[in-house]
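Each of the two complexes below includes chain A, the first together with chain B, the second together with chain C.
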Partner chain A sequence: MAPGKHWSRVLLLFCFFHLALTCVALSVGPTAVEFNDCLTTFVRYSDDNVSHFAIWHLRLPRALVASLIGGSLAVSGVIMQGLTRNPLAGPTMMGLSPGASLVMLIGLIGLPNLSMNTSILLSFLGAFGGYLTVCFVAYATPGGFTPTKLALAGSVVSAVVTGFTHVTTVLFSLHDEMLYWTVGGIANVSWVQVWQILPFSLCGLVLALLISTGLTSLSIGKEASIGIGNRVTQIRILGSLAVLLLTSSVVAVAGPVAFVGLMIPHIAKGLVGARYTQLILLSMVLGASLTLLSDMISRILTAGEEVPLGLMTTLVGAPFLVYLVLARPITLEARP
Partner chain B sequence: MSFLRMNSLLVVVFVVVLAMSLCFGQHVFPPSQWIKALISPEKDVLDLIFTEFRLPRTLAAALIGGSLALAGTVTQSVLRNPISEPGILGASSGCNSAITLAMMFQFHQSANLWLVPSLGVLGGMILVLTVVTIALKRGLASANSLVLVGIAISSAVTALTLILSLSIDRTTYSHAVAWMAGSIGRANWTYVAVLFGSALFAFGSFFAQSHTLDIAQLQDEASIGLGLRPIASRLCMLLLASFVESLTTALVGAFPFVGIVAPNIGRLLTSGVHSRLIVVSPLIGAILVITADLIGRTMFGPYEVPAGMIMAVLGGGFFLRLLVKSPTYRS
Partner chain C sequence: MLNKAPVRICALAFSDELLALGIKPIAAAARNGSFPDYLTKQLQEATPINQLLEIAEPDFESLIDCRPDLILAADITGQTYDRLSMIAPTIVMSSDGEHNRQRMLDLGRLLDRYTQAETYLKEYDQILRQARVDLLSKIGNGRVAFFRIWGKQFYIHGHSRGGILLYDELGLTPPSLIETHERGYGLSAESILQLDADVVFVATESNRGAEQSWRTLLTHPVWQRVPAVKSGNVFVLSEQHHWLRQGFQAKQLMLEEILSALAPSCKSLDELRRLRNAWMDN
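Moving on, here comes the complex of A and B:
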């Protein structure tokens, strides 16, 4: 199948796959649930039924949060790689999660018993701050914006902030608290977290789709894009805004979840080619499936002590990417 | 600023930082004591502290910074990606996994002190060769497929190592973590000799190939046109850079950031021609790591903060300042 052709069929296929995956995710876990109960939860929910309770209050929000995280990170990865034109760019590289960790840590030192919501708010502010710093360096300095400058600013600001975090961790002996924030996880999520992520992700997705044709033209080249009649600066600023919306709330809730944002765009590009509307939609579904599948595997395989989500997404996604590079190297090349 | 003036300025800064690192620490050694400590036939405790700890540690820091910056420069040029470093092809993650495995089998208690580092280097090189073989499978080891395969495989191996290390007992685990965290504290004269040998070899090879590196930065078509075999030369350079990276990782742990930042500072300060870049970036890397180590062991009271962490703050801050001030950043 040539890339770009039949992309809607590929998208539909993965949508069904994701739906099936969600059904499986709802029915597996420590409490055995009959498939019948999965359906009746949605039609006639009763508080007395343990299965209904487990599905509605534990598994459904967790599955939704996992899907939202994966979808948002993957889409923001697509935009990042489009803006920086660098295959190594990803949302974790743009100062968001390092900023979140640092502000969280300072919060922990100031107020030792943070509530879950305060810590999420702090992380959100930190992610916001880290990202603004990166954007400031990339856009507002002499010489103006270049894709290389954005990529460099992102990786360097992240490293500096991470350095600060490590030094603070050593000086205040906060290793145990930090461990959670360096691997990320969604072990204790509820409906509250779904509503904390959903609005941001939706706005970000709409914005991403609005600028998707612009991104396609940018991938041919800045001059060509201007020639077609695109306003390049506008596309770049809207793209950065979309990344901020898509990633900050996710990072605040789940910590850094590695690999999804970096790798899913490449996998999607291998499947449908480099047109950004298709790429964004497919990445969203693929990212959601990968995170949901990884979360499910880590729940089943290691009952009790869960393998952190970020590690699992890497392990599940990496073989697939290697396979794609082997199967069709041409489509993964950056287009000049 | 002309290249000669900037280069001599860098050398001066390097010498000053080196001297400060020799001077300061828990015990202050003024320069007058250095000669005495080195040549006196009967060494007292202080002399021994200087010759057996302070001096090798400082030299090791300089060599580590220099080698990592060299490896980073070459990797960035060959992969045509300014945010890459040798670790991307799996050198450091392969090394770390091998060391964790070795510690699971209690190899670190063996009498042979070189067993664990050698296994580390072996692990790093095996992983890099795996990545290269997979990328070559279709006869197309292009820069981007190397980067993608490298990232996928090295992050999967890192994840596996982390999962594995969750299951080993706490003492062994803390040994492994301490080994990988990156500290120059365990440097001795043998380390210095080994690092010096590899750094010299790498510097010589890369300097001799600086012209090839200039061409390797271009698109494949252009470099073929100029008479280069892009895949062969790319792989040779990358393998040497990976070897340098796995060697330093196996000896002193990970310093992930030197390899990214020092070459980029070098690019901002010079025209980016490799015969100059290959000289300037190792100097910058050495200055950064010595300073980071000096700050890490003197400024934080009872604690000793690992140099890698200070390095990120220091080098990154300096680089950002350059990036903000530089009117034209050449990509």
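Moving on, here comes the complex of A and C:
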């Protein structure tokens, strides 16, 4: 079966898979829950019933936050890889996560009682700054922009920004604060965090779908894109805005969750091809499933205690990156 | 054996015990230039010796500047011991909570304060016995938790840190989660649902990340279901270092806080305060 031919079936299949995964996530955990409890929670919720409480107030918001994080990061990765025609582009390499972490840390120094909304704003500004810097460095180098230069610029800027974060940490003795922000975890989320992430994810996703046709053209090559009448600069600006919306709220709530944005677009591309409307929708579902699965494993791996989500995605993602490099030769040079 | 009685002691560990024996070290272990919060006043004339991320690798240059004639240390590597020994005679002792009585007597013997150490322990044990009776009559088998917050982590101590005084010395009942995790247990939001503590002492690291976690927990619906929260028996500690150390000054302060919270009008609290004032005067 050629990739892309039956994409709606593939999408539907993974939607069902994600739904099944969510049902499992609602039943797994230290509080004993029977299958019947999962149903009665939604029709006859009782606050006195501990199983109902665990499902409604703890497991459901957590499953939703995990899904939103995974979906947002995966779509963000698809857009970045499409905009830059760089298969290694992702929130970390493009300077978004390091920039967000640095600015949030500085915010924490200046504003001791930092609210979550301010954190998201700071994360947005930091991610924006990091992203702009990477683009500027890549474009400003002699000889013009190439995906290789972008990869190098991303690595260098991320290293420098991370260096500044470490210097700030040491100068202001903020090791414990850094522990708070850098260990990607969603162990203590409630409905509050769902409502904090949801609007940003929805706006980012709608924006991504609006520019998806343009992204398909752009991924073929800038010249081809201009030839068929797309406005390249407009797509790049809107795409960047979508990436910022999708990434900043996630980093503010969960810290850096690595590899989802890098890994999922490649898997999705293998299943439905390189048409961006399909790619974005499938990546969203796959990203949500991967993160939900990682979170579930992190909850049950060590009886009762938890491994941070960011660590789990890294454990899965790092071998995938090695596979990507070894099994599928990546061309970073600009296509003619 | 030491050739002469030391007068310039550098305490890379056990400054609590030294001060309890009436000995002021000329230098003591610090983190980012700060001594443990409950000892700050008593150590105001001492030189802080920073330890790299608390892994017992001291700032050797500051240490040499102090010209110590004895260095006390705990849990150091052989390499660090060799380097410290080049500066001054170095004595390494275990810092575990189980042997703190023996450690106090050993330090007393080493520094010619054995009688003081014996008297100190005798008086402490007497207060402890009385406090145990007072607390059991007030809360019986009610479960007591020592709940710590650092970073995004929530943790209850079992038979470690402050838990040694709570459960091993005072005989209070720990939360049932501790039955399967003896030293302590990292809590997720869902396992807080299983926290069956009737009394909770909360210690938040004094940094903004931990404070943010505490604020988040206060608004989380799961916190409202903990029995201690429902009955209003949550006690937030303003300082926490004495709940993490095994020195006897730390234990006295802990004991005073526990008694003030759970049995404020008991006899042992008055007696403890009287004794603490007497020890401080000495």
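One rule holds in what follows: the second predicted complex is superposed on the first by the 257 of 336 C-alpha atoms of A that agree within 3 Å, B and C clash if a C-alpha of one lies under 4 Å from a C-alpha of the other, contacts with A are read in each partner's own complex, and residues count from 1 in each chain.
Please note the rule applied: a residue touches a chain if its C-beta (ideal position, glycine included) is under 8 Å from a C-beta of that chain, and two chains touch if they have at least 3 such contacts.
The model shown is predicted, which means the values in this text are computed figures rather than measured ones.
When the two structures are aligned on the shared chain, A:V43 is found in touch with neither chain B nor chain C. Look at A:G29: by the touch rule set out above, it reaches chain C but stays clear of chain B. Look at A:L321: by the touch rule set out above, it reaches chain B but stays clear of chain C.
In the overlay built on the shared chain, the residue A:V137 is in contact with chain B alone; chain C does not reach it. Once the two structures are superposed, chain B and chain C can be ranked by residues of chain A touched, with B on top.
In the overlay built on the shared chain, the residue A:R299 is in contact with chain C alone; chain B does not reach it.
Contact with chain B, but none with chain C, is seen for A:H266 once the two complexes are overlaid on the shared chain. By the touch criterion defined above, A:A54 lies against chain C but remains apart from chain B after alignment on the C-alpha atoms of chain A.
According to the touch criterion, the shared surface of chain A, contacted by chain B in one complex and chain C in the other, consists of residues 183, 305.
Taken in their complex, chain B has these residues touching chain A: 81-84, 88, 134-135, 137-138, 140, 142, 144-145, 147-149, 151-153, 155-156, 158-160, 162-163, 166, 219, 257, 260-261, 264, 300, 303, 305-306, 309-314, 316-317, 319-320, 323-329, 331.
For chain A in complex with chain B, the residues that touch the partner chain are 86-89, 93, 137, 141-143, 146-149, 151-153, 155-157, 159-160, 162-164, 166-167, 170-171, 183, 258-259, 262-263, 266, 305, 307, 310-312, 314-315, 317-319, 321-322, 325-326, 329, 332-334, 336.
Interface residues of chain C facing chain A in the complex, by the touch rule stated above, are 32, 53, 150-152, 154, 177, 181, 185-186, 188-191, 193-194, 205, 207-213, 216-217, 219-222, 225. Contact residues on chain A toward chain C in their complex (touch as defined above): 29-31, 50, 53-54, 57-59, 62, 108, 112, 114, 173-181, 183, 185, 187-190, 192, 299, 304-306.
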